[in-house]
Amino acid sequence: MFCQAARRCSRPVATTLRLARPKRSYASTAGPMFDWEDPLATKTLLTEEELAISETAERYCQERMLPRVLQAYRDEHYDAAILTEMGELGLLGANLEGYGCAGVSTVASGLITRAVERVDSGYRSGMSVQSSLVMGGIHAFGSTEQKERFLPSMAQGKMLGCFGLTEPNHGSDPGSMEATARPHPSKSGYVLLSGAKTWITNSPIADVLMVWAKMQETGKIRGFLVERKNCPTGTLETPPIKNKNGLRASITGMIQLDDCPVPLANMFPDVEGLSGPFTCLNSARMGIAFGVMGALEDCLARARTYALERRQFKNNPIAKYQLVQKKLSDAATDASYGVLAAIQVSRLKDEGKATPEMISLIKRQNCDRALVNARTLQEIFGGNAVSDEYAIGRHVANLFVTQTYEGQSDIHSLILGRAITGIQAFV
Amino acid sequence: MFCQAARRCSRPVATTLRLARPKRSYASTAGPMFDWEDPLATKTLLTEEELAISETAERYCQERMLPRVLQAYRDEHYDAAILTEMGELGLLGANLEGYGCAGVSTVASGLITRAVERVDSGYRSGMSVQSSLVMGGIHAFGSTEQKERFLPSMAQGKMLGCFGLTEPNHGSDPGSMEATARPHPSKSGYVLLSGAKTWITNSPIADVLMVWAKMQETGKIRGFLVERKNCPTGTLETPPIKNKNGLRASITGMIQLDDCPVPLANMFPDVEGLSGPFTCLNSARMGIAFGVMGALEDCLARARTYALERRQFKNNPIAKYQLVQKKLSDAATDASYGVLAAIQVSRLKDEGKATPEMISLIKRQNCDRALVNARTLQEIFGGNAVSDEYAIGRHVANLFVTQTYEGQSDIHSLILGRAITGIQAFV
Amino acid sequence: MFCQAARRCSRPVATTLRLARPKRSYASTAGPMFDWEDPLATKTLLTEEELAISETAERYCQERMLPRVLQAYRDEHYDAAILTEMGELGLLGANLEGYGCAGVSTVASGLITRAVERVDSGYRSGMSVQSSLVMGGIHAFGSTEQKERFLPSMAQGKMLGCFGLTEPNHGSDPGSMEATARPHPSKSGYVLLSGAKTWITNSPIADVLMVWAKMQETGKIRGFLVERKNCPTGTLETPPIKNKNGLRASITGMIQLDDCPVPLANMFPDVEGLSGPFTCLNSARMGIAFGVMGALEDCLARARTYALERRQFKNNPIAKYQLVQKKLSDAATDASYGVLAAIQVSRLKDEGKATPEMISLIKRQNCDRALVNARTLQEIFGGNAVSDEYAIGRHVANLFVTQTYEGQSDIHSLILGRAITGIQAFV
Amino acid sequence: MFCQAARRCSRPVATTLRLARPKRSYASTAGPMFDWEDPLATKTLLTEEELAISETAERYCQERMLPRVLQAYRDEHYDAAILTEMGELGLLGANLEGYGCAGVSTVASGLITRAVERVDSGYRSGMSVQSSLVMGGIHAFGSTEQKERFLPSMAQGKMLGCFGLTEPNHGSDPGSMEATARPHPSKSGYVLLSGAKTWITNSPIADVLMVWAKMQETGKIRGFLVERKNCPTGTLETPPIKNKNGLRASITGMIQLDDCPVPLANMFPDVEGLSGPFTCLNSARMGIAFGVMGALEDCLARARTYALERRQFKNNPIAKYQLVQKKLSDAATDASYGVLAAIQVSRLKDEGKATPEMISLIKRQNCDRALVNARTLQEIFGGNAVSDEYAIGRHVANLFVTQTYEGQSDIHSLILGRAITGIQAFV
């Protein structure tokens, strides 16, 4: 499937950002070369298939996504066609087995998110919701019937999903959610969902909404697949949230449910409590940890190009200045460490050895370091950074959001702190 | 003048951000109170007049400016009426003597910029250009005729100015500028100005443009007051620069001069070289050092309010969490240190004891610390920070720009480094 | 008294660290000069008397203390003669009124601590204990008889004191102290003190030990002046604590009390609870906030000298490198801000307007910034920093301790956090 | 050889620091466990042999080295028996092939350095010099005769070596070295070495001194193996450098050569210029990158134990405080990332794919992060940190030195900057 997809994108990848490859520094013999774009040679850890998938994804993203993002971000507009295109390329739910999904490794899946986020964290968010949160959740917890009904068309990007967990008053603490499901008073085999979810990526365009709510009788959290086309008028609203100062190329909204009837056949049969949504989030966080490295790498490449082209003081490229070089070095270092860690935990996941704390650890660190370095690299652009055409301001604004969602950085530090000390310190 | 102005703004200052004043911590007797909004009691350093001016400015800004800024920032629109209103209140060029200016202290002038930047750095930028760069420059270097011609209407905000120094290829190194003034081939007493200036706040709306250019014959930099109304068609263009990712409530543009005829009567009579623009910049940087503290203080006040109102985990306000309190403490500390330093250098300036290095020092430090702390405070808002209604994202984006303009932070560190070591390290 | 003292130190102050004063950077006219040793011209805020006191103290410290400190630190030896010498110069308890004390301003007193800590934080600690904690405590809470009995000889450095509050298990939380005072079973007007205090500067050499203990009957904390000469054998031990990795030029020990009889005449008559020791600590913290700036300034001066003398790569002084200059600039900035804040709070204190939170604020910030910058400056010395003759390693080790004592940095951030939010977050 | 060695250390490893292993946080089923001592499960990347070697080394270090280090550090004394013991265990030059060396992987070799530096960076330095710099250099550049003559007894720790590159005036820039080798005026096949080397670990106790000097005739740098026993009196002095403030458990000295005759048979036959010493340094830096993670891990373990045992405020262990947990989380994160990167580059090295820039990158980052986190963890100990029995102060002091030697951190950032931009910025 990837080969086919790859062939469709026949134009060469834009390489303008990759100019001026420096000569090997102090080597005279033909030894290994240092590659500033992959300083720790993480490519050596990838399989042929993973390299091919990465290449396909990068080509698609640079050729098809990149040209759209500047205007999309300005207009706060999300082009849902992107998900369809990604579906055609087999990039959605790629690490899932069966039901029309590619069944690739977690690393391969992570490389796709990196390619997408190299363009924009908002585009990656849109894809993460579809792939990790919704498709991943259905794959993990859905009945066979549910999987067969939803996954194939979601994999193709023909059916879009969203994930409704966060509520206006309950962000870091989803266990206190207020959304409820109560038995339908008249229609057997149905429940009525009520409640409000907010900061829901893709909610305004979603066909199927995975909503987590407490059973009124038991207080237990259960997951429901709400199909928009089946909701009576007035029972489901998904107003968009506008005027965001980050992730503007993704669409975000609320989910407002008012006695919305949902058949029990659309409830996940077994999973109960927070382990359901937390499993989905773990998968998504894995993707974020990989993805943000793509955004950071793009910042680095752009800052490097700018520093080589921009001349000040006796016509020197500012890349010659120590204070500039240090910023580039720091960023390259953190990017390479972050990619390495993401690969490691992905491999562990595929071997059944990953724990949620590991994912907290790399999600936090990679988001934090991506943000810190992106901000530092932004300084290289001086006053010019304020122009959105240099893209780095967009990455900086996006990366701040990635630091706060799916577990704000401090919360993950306390999750780790609990794992290290055995004592929880949330309250 | 200020008293009159004050009376016009009779509505009470919005106090929603100032709720929940905590009780004195561990004092039983009636001693002095700690004020988190002025932790080092810098108010004790102000004169009665300065306090009154500050109050007038704060009231105007909170009542009249604040309600406009959210939409203005969204729309990237600058309301030039603001300068007229400020002129009516006597807030423009306030620290200049004569020519219709208020002649207040540098501290008082700084308190005005702090009040304005508490609302928005873009509004402060618009004012700084008018007050410090243009009016300040005319006051310092203009002939008596020039002062009389321009200053009174500029002080009233009826004539708007802009300051043209930075060029597309020469930011940190203005000495390499390419704009030139050559003798008019036919019209005696005139020069023809050519060249391009960029990132010029207010250029699209300016009536008078202070342009720095090199005399073709001597290579010496001179300053010119270009009056838009007198420029023949095609000799002056001031296209706006759109799609900024910060300072969106201010208007920025280019200045494109193509053999624009300017009478020598509009050239500053004596000042030559970079000491002219640098003097203007010093005055503006003084204002920035004061101003950014206002932005930081607003971030602190908003973050504090949010932390007191937002509840997570067993319904605790997040203000109870150590990681949140540390962010608030750090910000309050840096804000109070920064205000203190700004007052000190302002006083020195009025006594003729300030040096440019001192202003570099406080401009750099206050911008850096305002930015760092604003970003940290932004974390308190978690995912909600992405909504522009919380304002903090706007401050963060703005403060990054203040760090880069009128001397990027690193450049100021090298200016200081040169002053400390006697060795310059720019190249 | 100061003039006399000054005359005794007639040798010129060693000026080796003050070489290579750079020329004024870009000024052609004779304007004010930038002084890298006082970047914000804080000297302009001092009175003639304060300047004279500062000069006396600096001269004494550079001439008499500095030559001793290297060996003292190596040997972990405290020369108690230093306190006698300081007493002769009138430098002990200098800001107290009457009883043989100089009665100078809090600023003057702070300038003394700055001069001492420019040499070594351990020497300053020894002085702070004598001046602020013990003499200050007696002055504030002692009966007239107590003041007359202790203060004059303490001011002369003939009687040494120490301050016993911290216990082995109660550092940040002194309210949980376990030391007790119970009525003497047989001797009227006496109590028996029992308990252990630790990390007590000067305890092994103290003649009078101010010990805080809980009255057995009431549980209320009271303060006692334990005179070593009157303690029966076996009731008071003050073993030194050796092998410290910082403050090695000061002497630290424990206080072990075992039914030590103390007359009630040696108990502070009125003060009860933690307000007593906290008042003493506030005064000492004020001194620390001033003092650590001296240590930082010494680090800066030494790093600057080293950077000007050390040559690498084509024989350039390393002071020419941007990465070095930035470290110097950062340190100079923080030092000047810190001094300014210390002066401000000192003035407020003398006017009765200072609050404990203000002192927490500047104690924390100045200690933190002194430490951070000292560490960064240490990098300039490269591998040579490991030699103790460059002194900077000693300052770094000392400054870490100042960050932890008299309120560890995080604790002060929570004290501030409580003052800002009204919510305490210690537990 | 390792199995034998392992059997000799039959006592159980001290486990006092590993108490209080927390239960798995939010897992109900028996899944993989999070191990705070190896958060990213890097053990899964090791071979059986590597795990066994690591275990042997850790056991030896904890059982035999750890009990010695406190006193050694106090006394600034290096026990050369340690190298003999390590030789007996096969831990010296372990990654070299033949000549009595174990021929293990670079990862295994790195695990040994990690085990040693978990005890003390000075002990690791002593071993690095022997193993990487001297044995590694002889193995890489020596003639067969040289290898056979030196390596076997060095591997056994019976012959000690040191590495003489750095000179008093040439640290970061060894190419400017002043040491020279000139033809012996009378003795054919000999040169006379003159010059001074400083900060040479092990120089006072070395039997063989690898000295780099410039050939007087050509100016080319060559390497010499100076055998102390063959040096005429007065031609070689190796005075120790005392009073270091870090790495006090290692011995450091100078090398002073005054027309010291050395046979050309002791010169490396082929290598010329800086590629010789740089190759040695690369190998040593690889070990440092691994080693410092051991020191950081020890700091983390100790800080965690302290935080669990120390109680303040209502008898809560301070491990419950958010500000403490964040410090632990940060350290665990950086330690795990650093180990991962060290393993990756080690594997690349064994595959012939590592470049010097990669080693610069991980040496810099791991040293920097180890230092930063060790300092932060030190704060957890509050005032108690000043006692050397808590060990963390020793690690902090040591780690600062590791940051400065074998390429100061800033220099490595410029090496990376050059590799990224193609422009060198050293001068």
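Quick notes
Every chain is named by a letter (A, B, C and D) in the order it is written, and numbering of its residues begins at 1.
In the analysis below, a residue touches a chain if its C-beta (ideal position, glycine included) is under 8 Å from a C-beta of that chain, and two chains touch if they have at least 3 such contacts.
All figures in this text were calculated on a predicted structure; none of them were measured in a lab.
Looking at A-C and B-C, the interface holding more C-beta pairs in contact is that of B-C.
With centres computed as the average of Cα coordinates, no chain lies farther from subunit D than B. For A-B, the equivalent interface among the listed pairs B-D, C-D or A-D is C-D, as over half of the contact pairs agree by residue number.
In terms of their C-alpha centroids, the spacing between subunit A and subunit C amounts to 52 Å.
In whole angstrom, the spacing between the mean C-alpha positions of subunit B and subunit C is 40. Each of the following residues of subunit B touches two or more other chains: 321-323, 326, 410, 413-414. Viewed as a network of touching protein chains, the structure reduces to a complete graph with every chain in contact with every other. Interface residues of subunit A facing subunit B in the complex, by the touch rule stated above, are 74, 166, 169-173, 176, 199, 241, 243-247, 311-314, 316, 323, 375, 378-379, 381-389, 393-394, 396-397, 400-401, 403-405, 408-410, 413-414, 426-427. Put simply, subunit D touches subunit A in their complex at residues 20-28, 31-34, 36, 39-42, 44-45, 274-275, 278, 304, 307-308, 317, 319-322, 324-326, 328-330, 332-333, 336-338, 340-341, 344-345, 348, 351-358, 361-362, 364-365, 410, 412-423, 425. Per the touch definition, subunit C reaches subunit A in the complex via residues 321-323, 326.
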